[in-house]
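Just so it is clear, A, B, C, D, E and F label the chains in written order, and each chain counts residues from 1 on its own.
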Amino acid sequence: MKIFAGSASHKLAKAICEYLKIELGDSETINFSEGNIFVRIKENVRGRDIFIVQSICYPVNDNFMELLFWIDAFKRASADQVTVVVPFFSYAKGDKKDEPRVSIRARVCADAIEVTGADRVLTMDLHSPQIQGFFKIPVDHLYALPVICDRFKEEGMDNDLVVVSPDLGFGKQARKYAIQLSASVAIGTKERPRHDERAEILQVIGEVEGKNALIVDDFTISGRSLVEVAKVLERKGACDIQAAVTHGVLSAGAVERINDSPIRKLIITDTIEHSSGELGEKIEVLSVVPLFGEAILSIHERTSISRLFPPGL
Amino acid sequence: MKIFAGSASHKLAKAICEYLKIELGDSETINFSEGNIFVRIKENVRGRDIFIVQSICYPVNDNFMELLFWIDAFKRASADQVTVVVPFFSYAKGDKKDEPRVSIRARVCADAIEVTGADRVLTMDLHSPQIQGFFKIPVDHLYALPVICDRFKEEGMDNDLVVVSPDLGFGKQARKYAIQLSASVAIGTKERPRHDERAEILQVIGEVEGKNALIVDDFTISGRSLVEVAKVLERKGACDIQAAVTHGVLSAGAVERINDSPIRKLIITDTIEHSSGELGEKIEVLSVVPLFGEAILSIHERTSISRLFPPGL
Amino acid sequence: MKIFAGSASHKLAKAICEYLKIELGDSETINFSEGNIFVRIKENVRGRDIFIVQSICYPVNDNFMELLFWIDAFKRASADQVTVVVPFFSYAKGDKKDEPRVSIRARVCADAIEVTGADRVLTMDLHSPQIQGFFKIPVDHLYALPVICDRFKEEGMDNDLVVVSPDLGFGKQARKYAIQLSASVAIGTKERPRHDERAEILQVIGEVEGKNALIVDDFTISGRSLVEVAKVLERKGACDIQAAVTHGVLSAGAVERINDSPIRKLIITDTIEHSSGELGEKIEVLSVVPLFGEAILSIHERTSISRLFPPGL
Amino acid sequence: MKIFAGSASHKLAKAICEYLKIELGDSETINFSEGNIFVRIKENVRGRDIFIVQSICYPVNDNFMELLFWIDAFKRASADQVTVVVPFFSYAKGDKKDEPRVSIRARVCADAIEVTGADRVLTMDLHSPQIQGFFKIPVDHLYALPVICDRFKEEGMDNDLVVVSPDLGFGKQARKYAIQLSASVAIGTKERPRHDERAEILQVIGEVEGKNALIVDDFTISGRSLVEVAKVLERKGACDIQAAVTHGVLSAGAVERINDSPIRKLIITDTIEHSSGELGEKIEVLSVVPLFGEAILSIHERTSISRLFPPGL
Amino acid sequence: MKIFAGSASHKLAKAICEYLKIELGDSETINFSEGNIFVRIKENVRGRDIFIVQSICYPVNDNFMELLFWIDAFKRASADQVTVVVPFFSYAKGDKKDEPRVSIRARVCADAIEVTGADRVLTMDLHSPQIQGFFKIPVDHLYALPVICDRFKEEGMDNDLVVVSPDLGFGKQARKYAIQLSASVAIGTKERPRHDERAEILQVIGEVEGKNALIVDDFTISGRSLVEVAKVLERKGACDIQAAVTHGVLSAGAVERINDSPIRKLIITDTIEHSSGELGEKIEVLSVVPLFGEAILSIHERTSISRLFPPGL
Amino acid sequence: MKIFAGSASHKLAKAICEYLKIELGDSETINFSEGNIFVRIKENVRGRDIFIVQSICYPVNDNFMELLFWIDAFKRASADQVTVVVPFFSYAKGDKKDEPRVSIRARVCADAIEVTGADRVLTMDLHSPQIQGFFKIPVDHLYALPVICDRFKEEGMDNDLVVVSPDLGFGKQARKYAIQLSASVAIGTKERPRHDERAEILQVIGEVEGKNALIVDDFTISGRSLVEVAKVLERKGACDIQAAVTHGVLSAGAVERINDSPIRKLIITDTIEHSSGELGEKIEVLSVVPLFGEAILSIHERTSISRLFPPGL
């Protein structure tokens, strides 16, 4: 077994190796001035069980193409099994054709990964569970939920808790958080007060008054939808308002937006790397390194991954 | 262009042909006593643009295998393009791996359809929009929503309307009905009053008191979840309670269950064939024949299908 | 190595496990009221060498689709090798396009099995040997012939034996039985006495008078062709008339038909499960469990399977 | 539509073009001294419906590889449809794995043809009908039977006719000749007089005494099995003995062997080219050019090919 | 026929449309803040013959992924044929495994393009001609050579001309320029004066003294190798020194480097877009728009593309 | 691990087995009179790591088809990994489409090898390095260069050495020889003295006077281009003239041509078998058996192959 790092996830891959007490594989990525990427494996991998860790985060396309080149390089170097470890897969958002004449980008990516020769995917909190079905190769899917819920259970709480999904799409997933935290569910939905009117007003349906609220989502880019929901919650009488997302993309301005909002704390995980100091005081990073480490070990030693999670997840 | 009927959708295919003023293609299906199915095309199809209509409904596996044999027979008979018209695709429900060590059955079906040689799929209200991405071949996806909403607009209404999704999974889709009908949204969700307790209690979140309620879903098998939600709605003070689903599977006992429930009327469409009289008084069948007819014409004449639907659907 | 049972071959799989002194794998199949099948593997199979035993017998399409879902479930659960053990493959009969515009159903099934991810097929007495070529994956093909011939050799015989094929298609195979049993060959063929006449009369060519006759075939569904040949044999002066087929499909009425015929005994094997008592007195079941058990062992331990059979089979 | 000739079938392709009153496509094949073959298309074929005629006859491997290069050259030159016209396909004989650890050579060839890009195959009297199932692309399969039977009907006959298959494998096909010619069937089979003895003696089962005999087969290489059967027929009192095969491979010595045998006349067709004079007096060549011409026209004009043959063939 | 522009080649696509007197297809590309690209076709393309123009130039990976999404969007929108027009394909440089454990990046790109569903590629001056063989789909390959040579012939010349390849890899291609321009050939090669010494010294082999020199290459990124060769040529007594490359990548600093060099003029083409003024005085841009326009017309109208070029190119 | 010999490389395979101190696998190839090839593996290979050694040399097409049948036979016999060892691959020369409407024959061969089921290719000095990219399966590529250079270093030299490529295509490769031998480079190129004139005159560019010359190439068929260059070198004052090619195809007349030329010695390797005595005095055969032996060992034991070669090769 050898674990290699793509340029998007060097810190995470190194942390996983430390968790597993093995050396990170020796390799390098070169970015040429004309825009081409070049990858080179610097040790023998013939017959090895390879894990290449690379989040498909910003710069998304560079990181994706680099991943393809890694897969090809490992296969042509006669690696035995190549497991693509993608903690965050940005194009998972493009999982359907919700308007005419657009691409299903997550399937395009899945096909490119498969045709290049990957043998397995290990990922976390995909935007929709159906994306596993875009792949023919096995997908091992991890959940940040136990890590996040454990963090909240630690704190204890004075009031009832309501788990809030910012939109209808994440409602089903929010309920899983609610069950783990013995909470009720509320959901944001944009309604149009009158027909044919363009303006949509964010509503939150479900009881929130006098409750502590935990807004949950799979990722946040600008923080905007989290903040909008938080404001409605505040207006409707929710007490302490916190948020938790697995993937903290946090594009420019997101940290400030969170800081200026009614959200007291935002939990993210380390699936996407941020430089220290960049995240400010309200954002707390939980580590999914142990989960990925255990999953990689399970894959290599042929033990069950589902044992890492509570049943029914 | 020729349209053929699989044995599950003979009535629907015939109605589409009448709508398009063409003859139904000549073919036969034979069921042998050992359980094998045999299909035979009884006219020349060389170079033709073929549409084979077959819902994957009860008996699901027989109908699915028959569909594969049709595809193979048409391709080996040198048909030009074979469009698989699947008004209802029962295995669409199996669209994810929501527990360990199960199959993603919709992807299995998609792969079998593709490997056998289908060129395109025309279907309606798949259980989740991501299923389009299980196919590499183009999928033209129709919505029963305009047919259903038009029916409700005809009636007029005395009270405010709330569109109710029986569960969190259909919430996003329910909102589309709400927008078309200028209604608000409410959603059913099963909660566990206390942690670790197995009993789940159905809640409806969102305002329903004093409103007319329209419960919507993509399909109903036993009618059970529609009826459960209707009872909660009744308890919470909803006025007139109706329901509408695209695919009325209606297994044994479903019609009685609806009849004995607070649901005043259940709208279904003709994607699945029922013998007349079987459905009772509360169930009304709307026809999607014109939608399928226009879509088939669009495919054959290379015009846009999206023009058949309101934008944003 | 783990052996699992599909719902068509639970008894056979269990018997194979007992032969090999291992536990049957833990799994379940659920049939829903709408007609969908759902399969669930109930133990860890990551990296295991899996054998899933499922005859494609009545109900053929349910059993076939269930098999596909098993394959997908095992592959997505990261099984190493999935060997599909299909003692009887009903659609093998659909091995050619013997009239215009029909499907080659055995190839359709082979493609579906392969695209879903099976790594190997283990089967017995396919309707034609060419079907191995419908698969790209290796097919290990077993013969019931030694089991059947040994049974006949046990009995001894007073007269010369003639092995009779009920039709021209099985003639080549019948000769193999004849060689093993030091017998001559006769063959049934339907002739039209005069040109353009539709009525076909069954002839048996080859010497049968005063000989004991053994009618052989790969399978019998209704028993009709066996009985017809037996009547001709009786008329032409054959003495003791017996029959032997590998796969005893035996649809409704078949047992009675055999009972009322000149056939003294019909040998079948246990590739298809029948409830006890159902078969009557004339039908004797030989077990192919040891053959399948040894073959599975050979596959797992990388030893030769051809050693199980006499050369030239 | 354009028809091109591979180097094995130049005469046949030219004759088909004359039948269809079109020009043969301009192309050339070069054989280099190191053993490489090189093909060049010498006119624009972009968007054309291409037929490349090439029997896979001696030298089999050269002709097969040349065919692959033609397919690739046409596809890369942007031909629309490439139909591979293979009047004789020598490797069709390798259609099963009748002993351990051998190749199914016909499937290997089918895969190579498909992966190179052929869109369709047009062929005649394959060694077994199952070979169609080795291809995913449509196979249009022609029969020389009507041409051969018409020739025999012309002659008239004094005695009853028996159609004789030289072995059990061709029995089913021989029956089709018998039905067309209102004849009975007899079949050659090699038996071992006593068990464990190696010597096999050719028997003919079925009535032949006092009848005219027509031995039929799909091809003959050395003529040996035809001659052996003819000798048995002569010994058993058959009158006039003739033979007919579709593909006259006729390796060195075959013509002499026929000449010195009880066979009065051997009918072959022109699927394989022979230089004039080479065949001697007993061998008569019937032309299948009109059949191939009509079939090519049907494929191009999208009309039925099955209309060229009597029903039930 | 419809031509669409990817975001890398909007000017070129528009110019081709003007040349062909048709409208550019309506579409848009959106770059999201998290790094995802999204493409949308804004008119009906069902059954159309589509050409999507997108150079794979800087930013290479963004442009490549966008191209994949275009292909998928067109295929899922039921376009008939999708021709990928790639004037410059940056990853063509990665066409071999010239050191251990690296990727063949051009093949990775070719596979991704094919699996996504492209039907054909139209490109110009690939880094090596073998790259056509990385694709199974037809590749129509254009040459800038006639455009460039015509420009030089226009000028006339006082002295003998020598065409100079900056390295051994482009030697064969340089000879084609020499033949068209009735010139001799010289070639740059880096030699090591003494064994084991790391310093390599650029040599030019072939006669250059007193001749006009034209340095040719397929692309230049930094201009460095052109300038180095020019300096050696100057030192060896070459007269007027010019250069010509098909693809002027011209990364930061390249224009200055050319300006400060002995190269009097550098010819590039418009396969890569540059903002006006950016290129300075020494660089002249020739247009390949007519070549691409004629090639697209040929593809659509099924006429020969090779007619656009001198024989033997 | 088992090594088998195809009929083209029996001596080489046996020598490799002796080098590795293992037994050659038991198998046979039969050539039938009709031109079909038949292969049979005569020992159990289930689960084994198989190496089949077969040069694709004269008779090229027979040897290629035989190789395909070997691959299929091994895969269907359930071999684990099948490595195709192709010391010389004649169709590698067909690696591009250098004129309109021809085939890229090396890609056709690569696809046929892959679709038949090979897992890996081991080869030597392919005509161009890009051919590795025609395969998706890993290609391990060996170089005869160290063997050849070691032979020359042994001899010592009185004069400076120039390595000469007979044409521009091999220039880049010739430079690698030059670097290993501390030599300079010269290159043959055919020029046309005046435009439009057909006669081409061979020039050698680069310094050769007073130097020893070593002409290098990947293969020679007729010896003609080696001899032509040698004559020019002689005329230009080169001293001792030798030549070295990896693959000595040596068609009829080649040995005489070398004997009558200024070439003092021609080095070839044993990738192609020649009968002893056939080669004459000037031709010396170096063995690549140790290289292939070590490479096969590396593949089997999962060690690095690149360690066998100097860096930068």
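Side notes on the structure shown:
In this section, contacts are C-beta pairs under 8 Å (C-beta built on N, C-alpha and C of every residue); 3 or more make two chains touch, one makes a residue touch a chain.
The model shown is predicted, which means the values in this text are computed figures rather than measured ones.
Least step count on the touch graph, chain D to chain E: 1. Any chain bridging chain C and chain E, meaning touching each of them, is among A, B, D, F; the list is complete.
With steps allowed only between chains in touch, the distance from chain A over to chain F comes to 1.
Residues touching across the chain A and chain C pair largely diverge in numbering: under half of the numbers involved belong to both copies.
Of all chains, the one whose Cα centroid sits at the greatest distance from that of chain B is F.
Centroids built from CA atoms put chain D at 32 Å from chain C.
Centre-to-centre separation of chain B and chain C, using mean CA positions: 39 Å.
Averaged C-alpha coordinates put the centre of chain B at 51 Å from the centre of chain D.
Shared interface positions of chain E, defined as residues touching 2 or more other chains, are 76-77, 97, 99-101, 104, 107, 111, 132, 136, 139, 304-305. Looking at which chains touch one another, you get A-B, A-C, A-E, A-F, B-C, B-D, B-E, C-D, C-F, D-E, D-F, E-F. Within the complex formed with chain F, the residues of chain A that make contact are 44, 46-48, 75-78, 117.
Every residue of chain D that touches chain B in the complex is listed here, in rising order: 120, 132, 136, 138-140, 298-299, 302-305.
Across the complex, chain A meets chain E through its residues 32-42, 45, 57-62, 64-65, 68-70, 72-73, 76-77, 90-91, 93-94, 97, 99-105, 107-108, 111-112, 114-116, 221-222, 249, 251-252. Residues 95-101, 104, 106-107, 111, 128-134, 136, 139, 141, 167-169, 171-172, 174-175, 178-179, 182, 184-187, 189, 191-192, 194-195, 203, 205-207, 304-306, 312 of chain F are the ones that touch chain E when the two sit in their complex.
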